[in-house]
Amino acid sequence: MFIAKVVGSVVATQKTKSMVGCKLLMIEPYVIDPKSGDRMITTSRSLVAVDTVGAGENEFVLIVQGSSARMTPETKSLPVDATIIGIIDSVHIDRKSISLE
Amino acid sequence: MFIAKVVGSVVATQKTKSMVGCKLLMIEPYVIDPKSGDRMITTSRSLVAVDTVGAGENEFVLIVQGSSARMTPETKSLPVDATIIGIIDSVHIDRKSISLE
Amino acid sequence: MFIAKVVGSVVATQKTKSMVGCKLLMIEPYVIDPKSGDRMITTSRSLVAVDTVGAGENEFVLIVQGSSARMTPETKSLPVDATIIGIIDSVHIDRKSISLE
Amino acid sequence: MFIAKVVGSVVATQKTKSMVGCKLLMIEPYVIDPKSGDRMITTSRSLVAVDTVGAGENEFVLIVQGSSARMTPETKSLPVDATIIGIIDSVHIDRKSISLE
Amino acid sequence: MFIAKVVGSVVATQKTKSMVGCKLLMIEPYVIDPKSGDRMITTSRSLVAVDTVGAGENEFVLIVQGSSARMTPETKSLPVDATIIGIIDSVHIDRKSISLE
């Protein structure tokens, strides 16, 4: 899994029938800043994930990828390869909470 | 999943029997422009995806990869690892629609 | 899936029993030249794929990866993660056939 | 699989029901230092993995990814794509134990 | 699949029960040298794979990844995502055998 920030949303009216009603969010994977080690920074990559936990824009979330993205009640048997399975409260490095912003 | 632009098509006469009749499109994954944040730019990578939604050249589409690419009625049990499952109408970042061109 | 060029072959006498008789080809993934847009260029990566369509050296082929690589009659239940499922006749970008060489 | 260092932990109160009680650790994949060959260095990437072996911060661990991350008793059917399946005692290159720190 | 060189071994006493007895080798993926085309060079990446064919240090091997890594008798149902399924005798490019060293 990895940590990502919700940066937006995606609208696709014409889609595979089973995907109707799925909330599609635009996310950016984040990594620990290799220089400071005390905050997370964007990787500048953009992915689309299905939301199952009520995540909102600018929130940090936990993303699961691959076949495991289908292992939630909301995504079972769906053609999805990335699912938001949690909202991040905090990340602790060296026992200190680091900045999520 | 990720957003991609349909840039072309692929013809392969000699292929695995189950793939006969599959529409194969050339796609380029797109990401949010890390500089401006208000448009999408190509990653310059090239992949081949099966179309299940009637996508056309220059349209932006939603791609699912891996085993989940087989989770549509059209691709069930096929040897495919990337499927177009939707046509993108719009992408919203910071509650504003960004440019798709 | 992606387009690759067959650049060679691999010999491995000592191998998992189920793989005996499998034709293993060395392939290089190709992408559309981001500069000219009218030809395909190598990514300089090297992978090994199982051939199921009678591909030969210097031919352009279609590769499927992951669990989907096992979705052909020849590769069912085999420990393979990349299979050649077609021979590319042509690639069309902006409705023009581009160079494969 | 790959070797990673546990660098921290992740707290997510609001999450998919099946994930409640899962210990989520922040890990950084490590590679053999290509220059010296006698120690492991960080890749500066950050992933989140489920712990099944009681790993602690600063320990080197073995990570399995993808659907195989669900092949432990603790992660069966969970929406997880990375699991810690072992704690690394030592890595031997050219028959010498290399530095893990 | 890809070609890799066995560069070492990994010891992990504390691990998931099903992995006890598994031989874990450190491998480096190799690619054809893009400059000369007549030898293979390291990618300087480091992965851990389960050996099923009796591979030894400095040998070139064939690696399968993902769920297909579980498709050998020795790795069935194990939490492994990379398995050595063959020992490379030779690689032929342009019908000439290239250097493996």
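First chain written, first letter: the chains are A, B, C, D and E, and each begins at residue 1.
As a working rule, a contact is a pair of C-beta atoms (placed from the backbone, for glycine too) under 8 Å apart; a residue touches a chain by one contact, two chains touch by 3 or more.
Note that this is a predicted model, so its numbers are computed, not measured.
J.: Using the touch definition from the top, list the chains contacting both subunit B and subunit D.
T.: Expected: A.
J.: Overlay subunit B and subunit E by their C-alpha atoms and let me know the rotation angle in degrees, rounded to the nearest 5.
T.: 145
J.: Rounded to a whole Å, what is the gap between the Cα centroids of subunit D and subunit E?
T.: 20
J.: Cα centroid separation between subunit A and subunit E, in whole Å?
T.: Whole-Å distance between the two chain centres: 32.
J.: Which subunit D residues reach two or more other chains?
T.: 66-67, 69-70
J.: Round the ring, from subunit B on through subunit C, what is the full list of chains in order?
T.: B, C, E, D, A
J.: Within their complex, state which residues of subunit A touch subunit D.
T.: 1-3, 30-32, 34, 40, 52-54, 62, 64-73, 83, 85-95, 98
J.: In the complex formed with subunit B, which residues of subunit A make contact?
T.: Of all residues in subunit A, those touching subunit B are 7-19, 24, 26, 28, 42, 44-49, 57, 66-67, 69-70, 77-82.
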